[in-house]
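Okay, got some structures for you below.
Next come two complexes built around subunit A: one with subunit B, the other with subunit C.
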Partner chain A sequence: MLLEDFLALMVNGVALGAIYAMVGIGLNIAYKPTNVFNLAQGEFVMLGAMLGWLLLTYVGMPWVAGTLILLVAIGILGGFEERVAVAPHFRADSHHHGWLISTLAFSIIIINIADQVFRADPRFVPPIPGFSLDTIFMGPLSFNTHQVAVVALVVASIFGIEYFYRHTLTGKAISAVAEDRDGARLNGINPLHLTMLSFVAGGAYCALAGIIAAPLLLASTSLGLMLLVKGFMAMALGGVGSQWGTLIGGIVIGCIESISSILLTTGYRQLVLLAVVLLVLLIRPHGLFGKAPGRTV
Partner chain B sequence: MKSATVSPIAGRGSVLLDPMVLICSLIAAASVAIAFSNTFYLTLFTFAVIYLIAAMGMNVLTGYMGIISIAHGALVCVGAYAAAIATVNYGWGFWPATLLATLTGMAFSILLGLPALRLSSWYFVLVTIAFSMVVPSMLVDLRAFTGGYGGVIGVPSPELGPLTGQGGFFIILLAFAAALWWIIANLVGSRFGFALHALRDGTVGAEANGVSSPGMRLFAFAFSGACAGLAGAFYAAAKVVVTPDEFSFEFSILFLFIVVLGGPGRLAGPLFGVLAFFVLPEIMTGLREYRMIVFGLVLLAFSVFMPSGLAGGLHEFLRGRRASRRRAQGAKEAAEAAKAAAGSPVTAAQIEGAALDVDGVSKNFGGLKALDGVSLRVDPGSIHVIVGPNGSGKTTLLNIISGFYPKSAGSIRMDGAELTGRSPVAIAGAGVQRTFQTPKLLGDLTLLQNTCFGAYTRERATGFEIALSLPRARRERTEILAEAHRLLGVVGLQDHADLPASELTHGQQRLAEIARALMAQPRLILLDEPAAGLSMGELDRLGDLLKEVRTLGITLVLVEHHVDLVANVADHVTVLDRGAVLASGTSADVFRNEQVIAAYMGGAK
Partner chain C sequence: MSRPDAILDIRDLTAGYNAVPVIRGISLCVGKGEAVALLGANGAGKSTLLRAVSGLLRATEGAVLLSGETITNLAPEKLVRKGLSHVAEGRRIFRRLSVADNLELGLARMGLSSAETARRFEEQYALFPILHEKRKDPAGALSGGQQQMLAIAQALIRRPTVLMLDEPSTGLAPILIEEVFDKMAQIRAQGVSILLVEQVVERALEFVDHAYLIQGGRLIADGPATELKDSSAIRKAYMGDVSIA
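Moving on, here comes the complex of A and B:
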């Protein structure tokens, strides 16, 4: 393999990985105060991409305006999901994983409605304004500026999220709820508000992931499930709750996928990824950077 | 004794007259009658029975144990391809190929489940989603072996003696489904079923009762995978042609619908699920395009409003009606039963209680010293009470003895054998039972079943014997049921034997936990605040009960605050304060000790 080809694949892998990491981070955001993995978030990414096509390409809105509308809309959808699919399980105080079923049901509803509305064709979404998909050559490196923007955006968002959790009152409250729900409640924090807030934020973040992923991956209704699985793999490799770990996990997944694309067919590529994730989970059940939870008796 | 003669499953009344059994039999008979009316229905119900076989397997994993799998359809697919390739490409007969398919499904299921043995169950959901996406693309990639998009063509149908053709196939399927139903009914009514339930409610209570969580999970994965593989072989035969297209993601999700909506953890659940979510939609073809949206909405609604599914809802409905009819006559029976049981001894056989030596045990949580060099000796067959203010390390000590926390230093020996370093399961197996501050009964199971579960560690019949209801399993089951009824009489709960444990009061749950602990015929019982939340009457009964247990020879270690109870029952009292032994002696001695009074009352030192 030529050096140029290898580097091109690596660049592609890092950019893909950054997108996977965004999905994983979106899962983390909703998980933190709730211990609920929102299985519908893959479909939020898909909606971000498909509605991005609708608003930016079909309607022709300016990128910033269209994206803002999108984030608000899908954020509200996330909040709505929390009300109908997650909050009832908290009220019932059931320790069975009822939310696994209800968030999965929510995602099934979204994808099947989207299938009816958009049908299966992939669609084009423009890149972030000021960036483009044209390849730039720099020595042996070849890349496009949208890829750079995606990676930069993810890194910036992680700094932002970490700052939020550590230095703002709401962020600290979320960290407190994550640590000890009842303890936080005794200190006057209402976990239910934070739960809803986190679902709104997780939804909006995933929508953003969708709209910036779409120029690279093309928008289609099958995007959601694929990205949910890859985002989960990134998060599982990196460790639940660790944003930087999720980014590294995402990049590992992206690079394995990208490099193997010239060696292996689709089926084998997916098999290799699944095997890597299973192997890592067998050896380090809480991921490369995750913490094992304490035991409760 | 009166209560011991009661029928085990339905409580009072014959099993055959249980309305649930009656309804299922009627549905099954009607389905068979409709199936033989014309070929369209015969084909439809052939597939319905195949789905039923697969769903019954998944119910063991997802319903009884609560591990949600999206890969069940993919495992059916693997089984179907195994059978198709073996018969068509290699010329195997149908039955050996079916065996191969069953084993293949089992192997894949175990492989997928391995990481889930140690992880939270949501990991498994996502791993299984990934797996169901891999399988169809691998089928295309392994073209030389699987025939790619074209699939494998010409899978033969099973024949068995006079049973040939489509009708014969259907009868064979019915026989398999009935056998599987029977096997699962045997298993879930046994310690295996109770253990699956216990694991669904969390590993702590299960492990304290001696259930190895990896072992049971592996069993559930293997069992559900085998059922999927078996169903796959029949699926291939019924389809004649297998192609990757049939095993879409929706196919995998369908089994989730069938099991979760039909009634997870209920025998009849998969039957209801298949009829409502496969047969009915197939008949109403007009809705096909919007089917998944409707299913999604139904799934969401059920998960919130009726998590126990169709079968669970029907069960509640029937129980409600029966309960109101019985309430009047029940009260009278109950009074009689209570009278009969009042004087009965705890157990016939004497037990040799264990001696417990705690020697210099320390436990650090980070910088906090929860226990600091605690030593105490418990004589066999005595009641030893540990008292102390909140945070003095009492429960921590129990958790170290029962193996839930590793010690930081020191040793704990039971009859000279070291306990530290052994798992909770091993310690339970050695004859140590414990209760928790919040009772860990299995809310969905009846009180009687909860009590039977206590015998988990001492039952000898293997899973194979239980599944096929062989003589030893039957004998053991009869003995355990009689024993459980008797112990419930001893703690005064015999009238509530058929109630779900969740409907008992807090105090009743505590007494029930003691009955469950006694079922194991343990040599040492650890009780964590057994008197908390008990009414005056229950408190008296608890005191008498503890003394009765002592007369049997069983060693008792209690953590308790209730001074009257301690003074009433304790042979020896150890007072802990801030992780160290403050005083030790008879209850009269320690309660007069000034340091103890100071520690409790917060007086000057």
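Moving on, here comes the complex of A and C:
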């Protein structure tokens, strides 16, 4: 393999990995105060991409305005999901895993409606304004500026998320609920408010992932499930709850996928990917950067 | 049983897990500025009673009154604003957050001005100077005794009228246990009523005015601390049912 080819594959892998990481981080956001993985978030990413096509390409709205509408709309959808599919499980006193079914059900409803509305064809969504999909050559390196923007955006968002959890009262309250739900309640914090907030934020974050992923992956209704699985892998590899870990995990997965795409057929590629994830989890069950649960009461 | 001067008035409370009652028909009173001990062997239901009072657990029967107001089964996050603070078993501070963050969360939903917040911090730092020294450290890095002080300060920063403490001395060296009791004495001197669950029975009885003994989820005796100290009821409560032994 030529150096140029190898580097191009790596760049592609890193950009792809950054998108997987965003899906994983979206899962982390909703999980933190709830211990619930929102399985509908893959479809939120898909909706971000498809509605991105609708607003930006079909209607022709400016990127920023269209994206804002999208984040708000899908954030509300996440909040709605929390009310109908998750909150009822929290109100029941004993803990069940009912959310597994109810968030999955919510995701199936979304994908079915989306299939009816959009049909299966892939659609084009424009890149972030000021960036482009044209290939730039720098020595042996080739990339496009949208790829760079995606990676930069993920890194910036992680800084923002970590700042929020560490330095704002609401963020600290979410950390408190994550660590000790009853302890937080005894301090006057209502976990149900934070649960809802986290689902809204997780939904909006996934919508953003969708709209910036679409120029690279094309928007189609089959995007959601694929990205949910990759997002889960990124998060498991990096460690649940660790945003930086999830980014590393996503990039590892993206690069393995990208490199193996010219060496292996599709079936084997998935196999190699799963083998790597399983191997890491065998050695480090909480992922590369995950912490073992602090306390079980 | 209930007295007119009761701040915390627990009446015939029954509560448990999954519809199986663990405590049955327990009545208990804490007067203004009074310290009351709740004693009993492991598994007697002491923590269960506190959890039912603070709303973490549903009471199926009975009532709880705080300063005359019925608070039965009120959500714990609402109760803290009414002046009841519960320091749960096992030093449950937020280990990954700093000491100052833990105190800030203690005030999270009180809606105080920043000047008042600063005053509340000062109060706690005056009572627990070590917390001021370590205010930037993660709470998980504190020693066991310091963590317990933090847990108490976190409850106290809301200026509760009633403070419920669940085994604050567990796992601490004797000298630290003495320090905990010393702090509790200072808190009490400020007029806070205290309901204390303790394993260090003798020391607890020296500290409180009145004590209640429970066994198998039922009240078996209560009385002034000085009288209970020498009574056979204490031994019975801790030995459990003699016929089993």
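Following the convention adopted for this analysis, the second predicted complex is superposed on the first by the 292 of 297 C-alpha atoms of A that agree within 3 Å, B and C clash if a C-alpha of one lies under 4 Å from a C-alpha of the other, contacts with A are read in each partner's own complex, and residues count from 1 in each chain.
Following the convention adopted for this analysis, contacts are C-beta pairs under 8 Å (C-beta built on N, C-alpha and C of every residue); 3 or more make two chains touch, one makes a residue touch a chain.
What you see is a predicted model; the values in this text were computed from it and never measured.
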Fit or clash - subunit C, subunit B, common subunit A: clash
Touching partner for A:113 - first (subunit B), second (subunit C), both, neither: first
Partner chain(s) touched by A:123 [first = subunit B, second = subunit C, both, neither]: neither
Touching partner for A:180 - first (subunit B), second (subunit C), both, neither: second
Touched partner set for A:284, first subunit B, second subunit C, both or neither: neither
Subunit B versus subunit C as contact partner of A:172, first or second or both or neither: second
Partner chain in contact with A:102 - subunit B first, subunit C second, else both or neither: first
Greater residue coverage of subunit A in the superposed arrangement, subunit B or subunit C: B
Part of subunit B, among the options 382-390, 418-426 or 472-480, whose backbone runs into subunit C after overlay: 382-390
Subunit B and subunit C contact sites that coincide on subunit A, given as residue numbers: 94, 295, 297
In the complex, subunit A residues that touch subunit C: 93-94, 169, 172-173, 175-176, 179-180, 182-190, 294-295, 297
Residue ranges of subunit C touching subunit A (in the complex, touch as defined): 18, 54-56, 58, 75-77, 80-81, 85-86, 88, 90, 92-97, 101, 104-106, 108-110, 140, 154-155, 158
Parts of subunit B lying in touch with subunit A, wherever the complex brings them together: 66, 68, 114-115, 118-119, 121-123, 125-127, 129-131, 133-134, 137-142, 200-202, 204, 249, 253, 256, 260, 289-290, 292-293, 295-297, 299-300, 303-304, 307, 395, 399, 404-405, 436
Residues of subunit A defined as touching subunit B within the complex: 37, 39, 84-85, 88-89, 94-98, 100-102, 104-106, 108-109, 112-113, 116, 225-226, 228-229, 232-233, 236, 265-268, 270-271, 273-274, 277-278, 281-282, 285, 295-297
